[in-house]
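Per-chain residue numbering starts at 1, and chain names A, B, C and D are given in the order in which the chains are listed.
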Amino acid sequence: MPGMEKNKKRKIINDPVYGFIPVGSPVLFDLVEHPYFQRLRRIRQLGLTYLVYPGANHTRFQHSLGAAYLMGETLQSLRGKGVAVSPEEELAAKAAILLHDIGHGPFSHALEETIIRELSHEQLSQLFMQQLNEETGGMLDDAIRIFGGQYPRKFLNQLISGQLDMDRLDYLQRDSYFTGVSEGVIGLERIIKMLDVRDDELVVEIKGIYSIEKFVLARRMMYWQVYFHKTVVAAEQLLLKILGRAHQLAQAGEKLFTTPALHYFLYGEYPAQDPALLSPRQRKELLDRFALLDDNDIIASAKVWSGSGDPVLADLCRRLVNRKLFHVEIQNRPFPEEKVEEYRKKMMRDTGLSAGEVASFVFTNTISNYAYSTADHQIRILGKDGSVKDITEVSEIMDEQVISRIVEKHILCYPKEYLSNS
Amino acid sequence: MPGMEKNKKRKIINDPVYGFIPVGSPVLFDLVEHPYFQRLRRIRQLGLTYLVYPGANHTRFQHSLGAAYLMGETLQSLRGKGVAVSPEEELAAKAAILLHDIGHGPFSHALEETIIRELSHEQLSQLFMQQLNEETGGMLDDAIRIFGGQYPRKFLNQLISGQLDMDRLDYLQRDSYFTGVSEGVIGLERIIKMLDVRDDELVVEIKGIYSIEKFVLARRMMYWQVYFHKTVVAAEQLLLKILGRAHQLAQAGEKLFTTPALHYFLYGEYPAQDPALLSPRQRKELLDRFALLDDNDIIASAKVWSGSGDPVLADLCRRLVNRKLFHVEIQNRPFPEEKVEEYRKKMMRDTGLSAGEVASFVFTNTISNYAYSTADHQIRILGKDGSVKDITEVSEIMDEQVISRIVEKHILCYPKEYLSNS
Amino acid sequence: MPGMEKNKKRKIINDPVYGFIPVGSPVLFDLVEHPYFQRLRRIRQLGLTYLVYPGANHTRFQHSLGAAYLMGETLQSLRGKGVAVSPEEELAAKAAILLHDIGHGPFSHALEETIIRELSHEQLSQLFMQQLNEETGGMLDDAIRIFGGQYPRKFLNQLISGQLDMDRLDYLQRDSYFTGVSEGVIGLERIIKMLDVRDDELVVEIKGIYSIEKFVLARRMMYWQVYFHKTVVAAEQLLLKILGRAHQLAQAGEKLFTTPALHYFLYGEYPAQDPALLSPRQRKELLDRFALLDDNDIIASAKVWSGSGDPVLADLCRRLVNRKLFHVEIQNRPFPEEKVEEYRKKMMRDTGLSAGEVASFVFTNTISNYAYSTADHQIRILGKDGSVKDITEVSEIMDEQVISRIVEKHILCYPKEYLSNS
Amino acid sequence: MPGMEKNKKRKIINDPVYGFIPVGSPVLFDLVEHPYFQRLRRIRQLGLTYLVYPGANHTRFQHSLGAAYLMGETLQSLRGKGVAVSPEEELAAKAAILLHDIGHGPFSHALEETIIRELSHEQLSQLFMQQLNEETGGMLDDAIRIFGGQYPRKFLNQLISGQLDMDRLDYLQRDSYFTGVSEGVIGLERIIKMLDVRDDELVVEIKGIYSIEKFVLARRMMYWQVYFHKTVVAAEQLLLKILGRAHQLAQAGEKLFTTPALHYFLYGEYPAQDPALLSPRQRKELLDRFALLDDNDIIASAKVWSGSGDPVLADLCRRLVNRKLFHVEIQNRPFPEEKVEEYRKKMMRDTGLSAGEVASFVFTNTISNYAYSTADHQIRILGKDGSVKDITEVSEIMDEQVISRIVEKHILCYPKEYLSNS
């Protein structure tokens, strides 16, 4: 019985952040059940952050569902204010936000900088969406247009990718919940209630301005307290060095143990050409392979590598596995070359490693918070008189200068046991 | 400077359940930093439960720290009531609870029933504690005695393994937090405040009786709603069948892809003799090997096996990876043999699998909640007159019959697509 | 513009328990704005409980709004399961639960036992509803029928007054929130999701049975830990004695300071006849007078009486104002007459008060928890096979005997300073 | 047995914000039990805010206890960092914060501007402390010195009255909890952990800077969203007009119904001279009288006055009792005189009231947020190099200009039904 079947394609998911998340339509149900989406259960939202905040094991799966839930809440609130949103648009917007992270691999940032340099997660997201769209007979046409900003009603795209999108609203709340850093808690319900639409663009009612200010601040705080936490950065840099070293060895013909899924990418067996030029069969194979790659492959391989014959790779991996992370110094100015050189030389003396090898242990980098840049996406405030202004004109604290300042910090990493002064 | 160094051996861990957890002593600090303990970061507290409750990715690492935190709170409260607890006893009790799960492997239940049948997690815990005790020069002597129930002051053992131990108090609260099942929330602070000691045994002040009743109920509810949730059971049974099949193939000489850590156990390369007879070197090797085995090895291997040449293993693994779990029927009586046979025959016809192979897909089992058995551990209630009675004598609802009833349920698992009636 | 006006009759109320509570219809809006309803802002939900749990200052106003909110959530969930509920029925059900406490005076229990003995809060609720119905031109006809159990669809009445009604669901959650007694927290969202309707009666899906068991337990716990907390009982008994004494003095012609609103009732100036026989004008006057009576009148008067010429009244009031409450002994058996007599005599000797006067200070009483009696209202469980059974047949712990046992306790109150043994 | 007695002078108070608050010393116990302190149970922390946020019925009693609790937590954390704090200092600091609001009357702001103009709550606090100090034989000497800033260790005073004092930390958290405005939630535990002392002044570790920024923002948000919420201001202005009118009538010899406690102040029967010149007997009488004045007196009297013969007082009171508050316009510039005049004239025409009388209904005022002024109290940040700088030098968003800007807003109030344009 088809009605029956349709009825079965509903699901309620228990989410500790919002309580119950209904997956109320067959199309969304099928997306959630798809192996490409289920794989997000195996990819942590915050990468190695769990090494600092032990609760941060939540996944991209939860986040994507959560953001889709908020989309539903927001569209319902907008309708209550007289904004027409058709059922098709609602479905498309939910599908788009559900899939917004579908192209992410495990520890994406590190992976993309080392092993999968030819394919960004944005490109992969597009490929996944095309594939899923074809599999569902074009059910995702509008979702893809909304996602890509081609859909005429701009606010739908802004809800997916803007200063106040569902992605941010969910991850701030969720990352706070799982890390235990209460500073990220935002007035979610209130922000959603304050959203409105004017000329098909998203606006915020002026009486919600304090909540928005707090939201911007909360985000900034999560950046420095969690996402760019010194030790989190240390862990990510370590993984970067591990994957970089493994890639280098692989390219030099070294045979490293890996899971097959990782092998395919590590040894460059995937089509390196422009993804737009892939044949349907090539695309599907690439995606099926990629869909098998997740956190488990990276961690499982790193554990094996900790007994590798290459002393650099082995040492780096032991640090990761046993959580003996680099020490990180952080400051606003670049570190002087001489200091770095001095540290490297000392380590060379102590360990007998070469200059090239030591560069995996003693190095500098920059981290940069583009977080609240207003470059392209403004927050528009709707005054009581109906006028729409940018938040920097209205807010007492969010002036242009403060809000758009890009903060760049410099880090210096090294193994504590050789080099720490203290 | 040693004092300096000692001072550095302190840590505050951000825990979303309790806020901040201090690790305040160098001995505990060293235990937490040890690779044997750090590995618990890679073992989920609730196994495959995340396939049903997506938030349930929390680890044995967090749980162990949480239980040690509660131990500190409880001992502090007991001291406030005049119970003498020496600093050494406090340290030993905290170390004992910190290590109470140290012998757990990934998905322990499934693993122990299939691959590592000769070594229980209890035995492994003992080996780990001995090893760590030797490495720390006997610092854990008392912890081991408390853990094993040989320490004269019985209540310390009861705080680790009893009806109201720190293990339970933490996991109920924590599992509730991460699954989002609010029914497990207990009046933690109140329960701790109600604990006291009489004749070196743990008692609860009578005015805390309602909180204790609720605690027993909350535990029971978590059993049926989470730990024995139909779909959680389905996932665990599936993994059991996967590991069983893999073990069978390995024993038949089939070469399966595995991570090296899993290979060691799957192919029975570990010393199968009585662990008490292991030489120190053998013990250390066993533990070092075991310490490299975690959730990642199981999941990474299962993903590879989903492309295995063995159709049974491949099908089972695809179900796990893509979350196409068995359908589960659950009832109080055993399922009739004929029904099982009928299902098996139907599947044999549909798939061409043999009778032996089909047994991995259609099977029965029992689950049993020994949870609130009073067999050996009572909850003692301290009356206002100083008398101590068992809770079943005092409580209006917790009578012997209700509380000690062991509930056994029967399950029947099968692949929905072949056999579901609906 | 009437449409405009109508549109303005909407409101969102910030509630710390549920976030935002919308008052979405003009009829409900008018009810909430009515002085009869606004007065509930000045009547605490839990009477004098704030003397024990300082947070318990929440009012009947909040509770009534909260219960109406839950009604909306429940009806929406039921509709999702195919239960037809017309917009008129929704409005009526919300209005009925909104007004279910409208007849409560300040500290109702004490007031009704002493000063307003001729009028119960149930009778007053009916009078208020009739009055409001007439003022709104019969908009409340159905609400009154639902409230009174005369509406054909029985489940609507069960949602207002049954084992699982919105009243209980809200007060457990709310009283927990404001007292800080976490044992009352229930799985609200889950319970609501488990409700369904069969043959126009409310049922609970079997898979919700653990949540229901916990709900019954949570309620029981709140009874003993909050509602019947020894010191709460002591405070209520004290107020009972105060109002009783004031009433006695008033009847003897003594002129006591009171606020005019209290004076009207204390000096029996209201029509004592059967409320059904009141003329419309009499009814309105009675209600207008009653609507001016709230917590402030009682407390303000008691403060003045603490300087009264009557030594009994003055002493009792000083105890209330300065929170020097009676000492309470509580036990399962009645207290022996001789003990009470002995205490009274000792107090007579010490204070010079007469036997009659001392009875206001040394006395016994009983408290009785009819809370989870199943006498008339069952909890019906809907099995997977569609059968409906009483919870006592299905639950493993809620057997008839346990659930319907009425617990009666005996209390003995006296001023600690004269009589305490300790 | 004195030890016994001492032991009895302990108490654990159930607080929904922090769980359990222990009152652990006999001196503090006696303060809490004192009628002067118990009266704070009858004074709402946020005055009439409950007319907008129905949950905001929490009292100064709870707040004072909460602030004292935080003081204990803070001092314990400071000791952990090596800051010496003697038991006597701890007691004094806790007593000082416990009593910091002791001089507040009901709806203090309105009361002080109209009826009790000669005595500020600061002066009354001092009188209360002196009185309590004499009653306890000088136990509060140090508390008074800390409170007054005369105690040599400055940070103790800063914990009571500074940018980051326990008063603010508690009220932000508590007001958030009871209003349900989540924007006030701060990272309390983290802020406390970041506090340290240098040169006897309070400093914040630099790594806590984001939490501090969020704290300043959260406070600012609570100002505009709660404390200066338009409708809250409307309610406060209404009460101001009511008390002003009553005072005016009283001075003109009109006999108004009041409770005796209010009568004493309304009819100016208290000694109007410099409080420092009061004799001990006069002081005690003044305090005893004042201690009987609380929210109940004001509300009970206003209810009676709603039937007053004076049409202005009666109308104003009916608005308060039935929550028909003024409409408020709010803007950054002053309102033009002509607009106000026009409104007044229109109301005079419509109601027949005189120009003087109409001024109680149509009027302007200013509200001003001195909240985060840095005038005298800085927030000092402790760098990693040990240097101490003001937050405005270190923070990226808290520059001098932003932080010290005093925001003044102008309001225009009037009865909506006569004058609203809409």
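As a working rule, contacts are C-beta pairs under 8 Å (C-beta built on N, C-alpha and C of every residue); 3 or more make two chains touch, one makes a residue touch a chain.
The structure presented is a predicted model; accordingly, all values stated were derived computationally and were not measured.
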Request  = If every step must land on a chain the current one touches, say how few steps get you from chain A to chain C.
outcome  = 1
Message = So, comparing C-alpha centroids, which chain is the farthest one from chain B?
response = D
Remark   = Between chain B and chain C, the Cα-mean centres are separated in Å by 44
Key: Separation of chain A from chain B, taking each centre as the mean of its C-alpha atoms, in whole Å   = 32
Key: Centre-to-centre distance between chain D and chain B (centres being mean Cα positions), rounded to whole Å   = 51
Remark   = So chain D residues touching two or more other chains come to 19, 181, 189-190
Request  = Using the touch definition up top, name the residues of chain C that touch chain D in the complex.
outcome  = 13-17, 19, 33, 35, 38, 41-42, 44, 50-55, 57-59, 61-62, 65, 177-181, 257, 259-261, 292, 295-297, 299-300, 303-304, 307, 321-323
Remark   = Per the touch rule, the chain C residues reaching chain B in their complex are 181-183, 185-187, 190, 210-211, 213-214, 217-218, 220-221, 224-225, 396-397, 399, 402, 405, 407
Key: Touch list for chain A against partner chain C, complex   = 12, 19-20, 189-190, 193
